[in-house]
Structures are given as C-alpha cells and as structure tokens.
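Next come two complexes, and both contain chain A; in the first it sits with chain B, in the second with chain C.
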Partner chain A sequence: MDIFGIPVQALMGQLLIGLINGSFYALLSLGLAVIFGLLNIINFAHGAFYMMGAFGAYLLLNKLGLNYWWALLLSPIIVGAVGVVLERTMLKRLYQLDHLYGLLLTFGLALIIQGLFRNEFGSSGLPYAIPAQLSGGQNLGFMFLPNYRAWVIVASLVVCLLTWYVIEHTRLGGYLRAATENPQLVQAFGINVPRMITLTFGFGVGLAALAGVMAAPIYQVGPLMGADLIIVVFAVVVIGGMGSIMGAIVTGFGLGLVEGLTKVFYPEASTTVIFVIMTIVLLLRPAGLFGAEK
Partner chain B sequence: MKRKLLCSLIAGIGLAAGGLAHAEVSGGVVKIGVLSDMSGPYADLSGPGSVVAAKMAAEDYVKQTGSKLKIEVVSGDHQNKPDVGSSITRKWIDSEGVDMILDVPTSSVMFAVAEVVKEKNKVLVDSTGGSSDMTGKSCNANTVHWTYDTWMLAHGTGSAVVKSGGDSWFFLTADYAFGHALEKDTSEVVKNNGGKVLGSVKVPLGTTDFSSFLLQAQGSKAKIVGLANAGNDTINSIKQAAEFGIVKGGQKMAGLLVFISDVHGLGLQTAQGLQLTETFYWNQDDGARAWSKRFGERHGGKMPTSAQAGVYAGMLHYLKAVDALQEDADGAKVVAEMKKLPTDDPLFGKGVVREDGRKIHPAYLFEVKTPAESKGPWDYYKLVQTIPADQAFRPLKDGNCPLVK
Partner chain C sequence: MMVVLIAAPFLGVYPVFMMKVMCFALFACAFNLLLGFGGLLSFGHAMFLGGAGYAAAHSAKVWGFTPELAVLFATACTAALGWVTGLLAIRRQGIYFAMITLALAQMVFFFSLQAPFTHGEDGIQAVPRGKLFGLIDLSQPTAMYIFVLLIFVIGFALIYRIVHSPFGQVLQAIRENEARAISLGYDADKFKHRAYVLSATLSGLAGATKAILFQLASLTDVHWGMSGEVVLMTLVGGMGTIFGPVVGAAVIVTMQNYLAELGAWVTVVQGVIFVICVLLFRRGIVGEIGNWLKKSL
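And now, the complex of A and B:
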C-alpha cells in the first residue's frame, strides 16, 4: 500500500525518526520556555549550554573514566552550576531592562563559549560511542530502530512531562509562577525569590545540558552543534508560544514529525519547513499556538 | 658642508643600487597569504594547520637551497564566504604587497579569489578547493590547482568500487554546487563501468540528522551508499549510518571526499571499512613520515591532511619558480615558470603542473583500518590500489580549458 507514492512502511519509519528528532526539540525548547516564562530572558546561549553538556560527557569519559550514565547525571549538574554563576554575575543585572539586553548578552556569551571550545578541541568534532547497554537495535519490520534512539524518545518524554507536572501542578511550581506575576508580593510571603530565579535558570541550563549528553552518541561532539540547532529550537518556542511549557513540548514533537515527513516528500525543504510554519502561525496567532494573548 | 653632501650622495647611490638589486622581487620579500577557513567546518582539515605547513615551506626552502629569498607568510579567515575571500585578497594585493595566495578551501571562494588574482596578475596556488572546473572551463593563467579535484575523487573511488563489485549506488548529496557536481561526476563513472544508480537524495547543507535520508538509502537496497558531501556532513552521515546498521546490513559506504581529520574525528570503531581516495597520506613513505612528524610537533600532535601537504608542496614549487626568475611581480610569468619546471618534493614525489594549471601526481584508494589493524595514533589507512598519475586526473583535452590550444 502506498500513500502519495511512498510505501506505508517507509512512511512509518520516517514518522518514528521525526518523533526522535522532536524529542530533542522538545527538551531544548522546554528549557528555553522555562527560562523565558519565569525569568523573561531570551536565552541565546541555550545552544552553547547544550554543546557544553555534550562536551561534559566527553570529558567525563576521557579524563575521569566516567561512563554515559554518570554523564547523564553529572554533566547537567556541572553545566547547570555554570549557568547559576552566569546568572548571579551577569544576567541578574538585566532583569529590569528590555528583553533585548538579555538576548544580546546571552548571544555574546554563546559566541565566546563556542570560540573557546573550538580553540581547544578543533572544529570537526570528537567521537562518543553509544553506551554498550543501548547499542544494537530492533528490526520493526518497517524499519531498523536503534535501541539508543528508542531510549532518547522515552527519556525525553519522561523528563518533559515531569517538568511540566512540577511547574503546573505542585506547590513549588505555584510559587514560581506567582513570582513571575508579582515578585514583591511573593517575597513578602517570605519566599526567597532571587534564589528561586537563580535555581530556575540553573535548571533550564541543566535541561539543555541533558539534551547535549543524550545527543553526544548520535552526533559528533563539536563546538558548533548547538549553534546549528538553536535557531530551529527558537522557532519551536515561538510557534508553541513563548513561555508556554506545554506548547514547547507539543510543538517540539509535532515539528519533528513535520520535518520528518518533509524529508520524504521534498528533502530540499526540510531545513526551512519549520520557518514556513512559524511565519504562518505568527500571521494567524501572533502569541503562538499555546501562548496567552497579553 | 661638503662632507655632508658627499655622505648623502654616497648614501643615495647605495640606496639606489640596493633598490636596483631587489627591483625584481617586489618589496624585497616574497609575501604569501594563506587564505583559509580558520574557524568553521573546514578549519581542521586546512585552517591553522595550513599556516603551519606554509611556514615550514618557507623555512625548509631557504635551508635546503641556500636561497637568498626573503619570505613572509600572512594568514586570513575567509569564513567560507566568497565576498570575504575576495575582499581580503584585494586588500592583501593592493596595500600589503602579497604576491601569492595559498590554500583557499570551499569552491565558491576559490573561484572568487581566482578572479581577483587574475585581474591583478598575481598567483593562486589552490590546495583545498574542490571543483574540477578550476582547471576546466574556469581555468586561467594565474592559478595552479594542486592536491585533488572532484573529477579525480569521482573516478578514483567510483570506478574502483564498481570494479570490486559495488555496482548499484544510492547517493546522499549535499544540496549545493559542490555536492551536485560530485554526484553527477560519480554517477557517470558508475554507469560507464557497468553499474547503475538507484536513486539519490539532496540533503540541505547544515543538516545534523541524516537518519531519514539513511533510511531511504537503506530502502533502496543499493550495494553502495555514496556520500557526495564534505566535512561535518560526511562525519555525521557515517556515524549515523553505523547506528542504523547500514554496514552491518550488507551495504557499503563510499566517502567521495574524506580527509584524515574526518576519520580521526570519527574514530576507527565507526569509520572502519570506509573506502576513500587521497593523493597524500602521512604514513605512505619515509619522506612523508619524516615531514609529518615535524609538522605534528608544531601542530599539537596532529598529522597533516592532504590539503595541508598540498599547501607545503605547492609553496615550495612556487618559490622555486620565483627563484629561477628572480621575480614575483608578474604572476602569469611565475605560473608559466611553474609549468615549465618539473615538480619534486618529499610529499607528492615527482610530477608536473599541466598547461591548464592542474598539478599531476598519483592518487591512492585507501580503506580505513579496523581498530585491531591500527598500530598506533593516526595509523588509519591501508592501501587498496594506486592510480597512476596519468589516469588519476581528467585528460587535458576533456576539460575545455581555454588555455589549452
């Protein structure tokens, strides 16, 4: 059976691949949405933190002999800590100013971080092997699914849903959302708002680093890996609605699927299709699919 | 008073005489500009390593020949943008006295720089740009194309792979001029050798995830998946092909443009079994090994790529021509001299620069070793086949170069 001249089996394979890419988009745009939603910072350094997460995994393995599973735990913590330091020393001075200043600062930071890594490690990237427990794959009949990719879908779905749950349905999340609405009032209830904001930023950065660790075995660990991805992820966040957690998750997976289908029907357009959708969405719903009109 | 006048007179004569003695080498120095990608995707295969190679050429030439030439090397980053490349070239030639431009990866930049160099009558010795049009319809009297080109890659890998049984192909093609040319050239070779092309997919430049395209290649059931791309695109497609079990499933990967820095970045575990064509490998003989060791000492232990080796060899030959003429201002004249002199260097051996500007040397089909076969760092290739110099490059008459009568 064919659909538009493509065998159904091949199409199923492509959809699955789309879902896998979508899980990276979702994980990255989730971090961006959390940071924008709660801090009002358009974090252009997000791609750089993602790259640092992957390098963290590489360095932990090659310098300290710690395997993938340790990297999955430690790299986001380390990179998140770097994020906390940057927030404390630089970003916190910008909260009263226009969005644009945060964007410029983080963009500059991204360039500096990428430059430093490129000087140290070169531009063609470093190898990072798939952990032994997850190598190999399953023959699903319509496609060969590498075990590692299946793990990426599951892990990122779990992380995304947990984050969404914590922010939307727990007391901690409630404080966070309240603090973004009215920080003075929340402070008056005896809650340390600046610390909460710092930790939130650290958490968002940690999410980017986590995506980086998961990406390391699939892509080369290279200084430009984040720069290549960040524009797409921004488009995802804009389509989903800036700051909307659910929007980031749903559009992340959804756009992965759309991109996967484009790769079958008209591969040449696969890198631009997301931006075409972004244009259409912005024309029809300027706040994004899940964004609240203000 | 008289004495003062006399002194200035003598000084003046001295100056004039000095000026006369060096009049032929412009500015008294041979100034060479290494124009490369210093920070982008091709920085590892050329970039800073090419600058190291050029400096070594300057030192080695003076040491070995006892030449009196004063040589100076400068470098610049064209960021893979033709406009940036040509404006740096203009500035170098117009206001900094640069006589020769070296390296220049990325075909589009190569052509832009070649235009400027021709207009100003200087010299371009291009080691890293790929398009074979440089010595075909776009050839000119001021350019020498040194290390490799797309025709050579297509024929080297294409015909060898078909002859060893890989008679059905599917291409992953980078969606720009270089990828299209490489796919077209290789398809012709495959068909002429009795193979067939089952399909191809055009992949946008800057794609990081190749899995959709690899699935299409897998579905085509072609014996060979041909990679008509370069740099990080090649690396990512090979890496992800391993993940999707393409090689284990019985298909083979053929990299049409693979540098040793790419293989190093991939690691042997992933790259093993890949077939590729090169004109230089650091471990091919004693001369290459000795030079590469010295290069490695100055470049963080990294072994040279063929592109960097071509920078060294091409510059040596240029200096020889300048020394023979004792002049560097008239670029076309220097290039004519380079074509007249036979080439001989420790990296590419004996060869010639042809009338259309093509440097002629043998090419080699290599296969990447398995981790077990490799005896140490950077020991990556085993020789499958040597393609003699007279077959490695496009025959002179087929290129339609206007210089060839």
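And now, the complex of A and C:
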C-alpha cells in the first residue's frame, strides 16, 4: 500500500519518529515558556538540564541500581533542585538588568555543565536499556509500534496538558500569571513572589530533566545530546510565540510531525525545515502563531 | 596598538598566532559594532565568519581567484547574506533577536554540512594562498603577516570611523532609547539593519582572511559554538568599547592556545569566565579600565 508513492510503513515510521521528537520539543519548549513567562529569562542551559536528566537516569541505574521508574521520579527532582540552587545564587542577581544578561549567564552555565560531563564521561554516547515493562511492541497491521515509543508520546502529552491545566485553570496558575503581569501587586497581596519564581524555575528545569529521562532509552546518553536540540527548541518557541503555553505544546508536536514528513519526501531539508518555517512565520506573524503582539 | 602588532613578530611572538588573534579581533570588533553600539545581541555571527571562509576558500581553490579577489568576493557574499538575514532578524528585539539569528545561523550550518562544494565534515582544505595582485607571494610569512595586518587595520579603522560618525551616534541613541530616537524622526529599523549589514560584512572580511591564512574553511567556524565564542570575547574585553573586543579576542585565543591540552576543560573555563563576567564585571577588562580612568576607550 502506497500513499503518494511512499510505502505506508515508511511513512508511518517517520511520522512516529516525528511524534517522538515532537514530544521532546514540546516538553522542552514548555519548560522554556514557563521559565520565560515568570523570569523573563531565555534559559540557554535548558539543553544541559535535559542532558543532566538523562545522565541522572543513567547514574541512578548504574551506581545505585535504581530502575527507570525511580529515575523518572528522582532525576527531575534532583536536577530541579540544582536549578533552584542556580536561580538562588546567580540568576536572581540579574532580574533588574537587561534580559540579555540572563541569556549570557545561562549560556555560560551550559558550557560549564557540558564541559564537566564531557570530562567525566567522554563525548561518545552511553547506552540505556528500555525498561522491561515497556519493551516489545504492537503490530498494528500497517506498522509496528514499539511500546516504549507509544509510552513516551502519551506520557509527554499528559505532562504537557497537565501543566497547561495547572497554569491556565487553577488558583496557583492564576497567581503565576498575575505575578508575570505585576509582581509588586501580587507581592502586596501577601504572596511570596521570589519563592514562586524560584520554584517555577525549578519546575521548568525539572520538565527538561524529565524529557531527558524519557529520551535516555531512545537516543544515547551523551554530554552533547542537549546542545543541538536546544536550538531547534528555540525555533519552536519563536514559531509558537514566546511565553504561550499552548503554543509551545502544539508547535512542539506539530513541528516534530513536519520534520518527520520532510524526512520522507525530501530528506535533505529535514534538518532545516523548522528554521525555514520559522522564517516564514516571522515574515507573516512576527509574534509567533500563538503569541500576542505586545 | 599598531606598534605592538608590527613589533610582535620581531619580539619572538609566533606570527601565525598573532595573525589568528587579528582575525578574531576584527571579528569581535565587527560583532561589537552591533552589540555594543547597536544594542543587538546576535547569536548567529558564526554564519558570517564561516560563510565567508567557504566563499573565499572555494573561489580561491576552485575558481582560481587571487587572494584579494577571493577576500572581496567572500566579503560581498556575507554582505548579501547579512542584508537578507538582517531583514528577518530585526523584526524582533532583545532575546527574540538573539534566538532568530541563532536559528538562521543554524540553517547556514546545515547548508554548509550538506552542500556538495563545502565537503561536509572535511571542509575545504589546502586552499592556495596565491599571489596578491599576481605579484606578492603570500606563502612568504612576512607578506602574509603584512596582508593580515593591513586588513585588520583597515577594518578596525572603518569601525572606529563608523562609531564616531553621525550614523554611529544615531545608532547609540537608538540603543539607549529607541522610542525617543524614533520620535526624533530617525527610522530605527533602517539604522539597525544597516548596522547589522555592516557588522556582517566586516565579520565576513575577518572570516575570508582567516580562511586564506589557515588555507582551510571548516564547519567549526559556522557552528554556533563560534557565535558564543565571539560573544565571550566581546564580553571579556568590554562591550561598547572600541578596544575591548581586541583585548578580549587576544585573551580568549591565547587561552585556547595554551590550554588546548586540557581538552574539554577549556569549555568549562570559558563557561566560568562567562558567568564571572556577567555576575561581577559586566564592563569587561577595557570597560573597567575606562571606568577607572574616567575615559571612554
């Protein structure tokens, strides 16, 4: 069976890879959007935190013997705690300054983190096995769906939608959104805004680490795994509209799919298609697809 | 500064090292023209350095251009690239601008990786230095040194002139308060775009010279790590100062040369310097000295 002259197996396979990549784009750009929303900082170290999440899983397994499920819980918490420390000691000094300094500081942090991991583990990737409960797959008739990949897509969708729900539809989210509009006023109502900012940063970083844990069995665990991904995620964020939660999720998954499709029809362009889309979106809607013009 | 540059090879400093410093110093100065005086942080300047490198290397090696023509051709190419990408990038400001330039540069990176004439991971190797105007043989170290020195001095003088021209003043006014500059009747976007193109062109000049000097154009120069490096050079030296980027480039290139055997620790050290600069001395080396002398350097 062919669709547009492409065997359906190949097409579906690429779409699946696209969805998987899209899951990671969505999780990462969601974290970036959450952090940007409250801290006004573009977290260049986001890719490094993603990498730390994957290494967290690897180390928990190989040093402490804790399996994938523990890693899924512990790694984001540990990395998130690192994020909290960095925010308290460094980032908070920059809030009164130009936003560019936040970008530069996190860029420096990314260099440090990646360099340290490269010294410790070398540049080549380390393998991480798929957990036993999720190995194997389903034969859907027209394609073979590995269980683990299905799990990644579903899990990241659930996490994304839950985050969206909390921010847009709960009281806590209301405080967050209010604090991005007018921190002084929210502070005057007796809400500890600095603590909220710190925890939000920790949460965003934790999301990146969670993505890292989920990525560990699919890609190899390596010090530079986040470095090149993060630039694509920046493009996703620009396309979706900075700070828009829904924009981050929808464009994350959408662009993953587009990338997968490009791989089928015109493989040479698959690495650049997202940047081409970004260019077009910028020409037509400079604020991004879901962003509000300020 | 001129005296130092002319005297350095006679004082036993390795000439190739000095030439490398000059190429990067010109690159950092061109970058600083945009960041320090225009307030625009581009995170994609590697595309101009590396792109010009490929253009110069290809035209010199395959088309047999003489070095001065290769450099001119490459510079013209980056001017065109700067013109197009600038139109896109200046539509947004601040961190958006940084991210957009980064993404555009990444497009150029993947193009360089895949296009047939760039030879992918190998880069364009064994580029002939050729004869300047068909007369002066650049494979002579002294001739090459003078060639690079001249290009650096011309580029630097041009930047100095731009900064101190009415155009440069308007640019700084836009950096300080864009709304006010617009209300005074200046078309801010047009000025920013011109500054971007100038910065791109001069970065291209540096990249082309570097390719002829090392007889090599490779992916390293288009990779986004290079864009980060030039930010670091400018930050260390002092953004918005004339001499800062030169000092910054010298510091960083020296560091890389002498710490090379430490491997990935170089990245860590660079990261630490980044963090320290941002947290503790945002004016940079030259900026701090200028502040201390109460003079703008």
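Note that the second predicted complex is superposed on the first by the 285 of 294 C-alpha atoms of A that agree within 3 Å, B and C clash if a C-alpha of one lies under 4 Å from a C-alpha of the other, contacts with A are read in each partner's own complex, and residues count from 1 in each chain.
Here, a residue touches a chain if its C-beta (ideal position, glycine included) is under 8 Å from a C-beta of that chain, and two chains touch if they have at least 3 such contacts.
What you see is a predicted model; the values in this text were computed from it and never measured.
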item	value
Touched partner set for A:Tyr148, first chain B, second chain C, both or neither	first
First, second, both or neither for A:Thr271, with chain B first and chain C second	both
Which of chain B and chain C A:Gly174 touches, first, second, both or neither	neither
First (chain B), second (chain C), both or neither touched by A:Gly222	first
Chain B versus chain C as contact partner of A:Gly13, first or second or both or neither	first
Chain B versus chain C as contact partner of A:Arg118, first or second or both or neither	both
Shared chain A surface residues [contacts with chain B and with chain C]	115, 118, 268, 271-272
Touch list for chain C against partner chain A, complex	41, 43, 88, 91-92, 94-96, 98-100, 102-104, 106-107, 110-111, 113-114, 224, 228, 231, 235, 263-268, 270-275, 277-279, 282
Residues on chain A engaged by chain B in the complex (per definition of touch)	7, 10, 13-14, 17-18, 20-21, 115, 118, 122-127, 129-130, 137, 143-144, 146, 148-149, 218-220, 222, 224-225, 228-229, 260, 263-264, 267-268, 270-272
List of chain B residues in touch with chain A within their complex	39-45, 47, 175, 201-204, 206-209, 211-213, 215-216, 218-219, 231-232, 235-236, 239-240, 243-245, 249, 261-262, 264-267, 269-270
Chain C-touching residues of chain A, taken from the complex the two chains share	42, 90, 93-94, 97-105, 107-116, 118-119, 231-232, 234-235, 237-238, 242, 268, 271-272, 275-276, 278-279, 282-283, 286
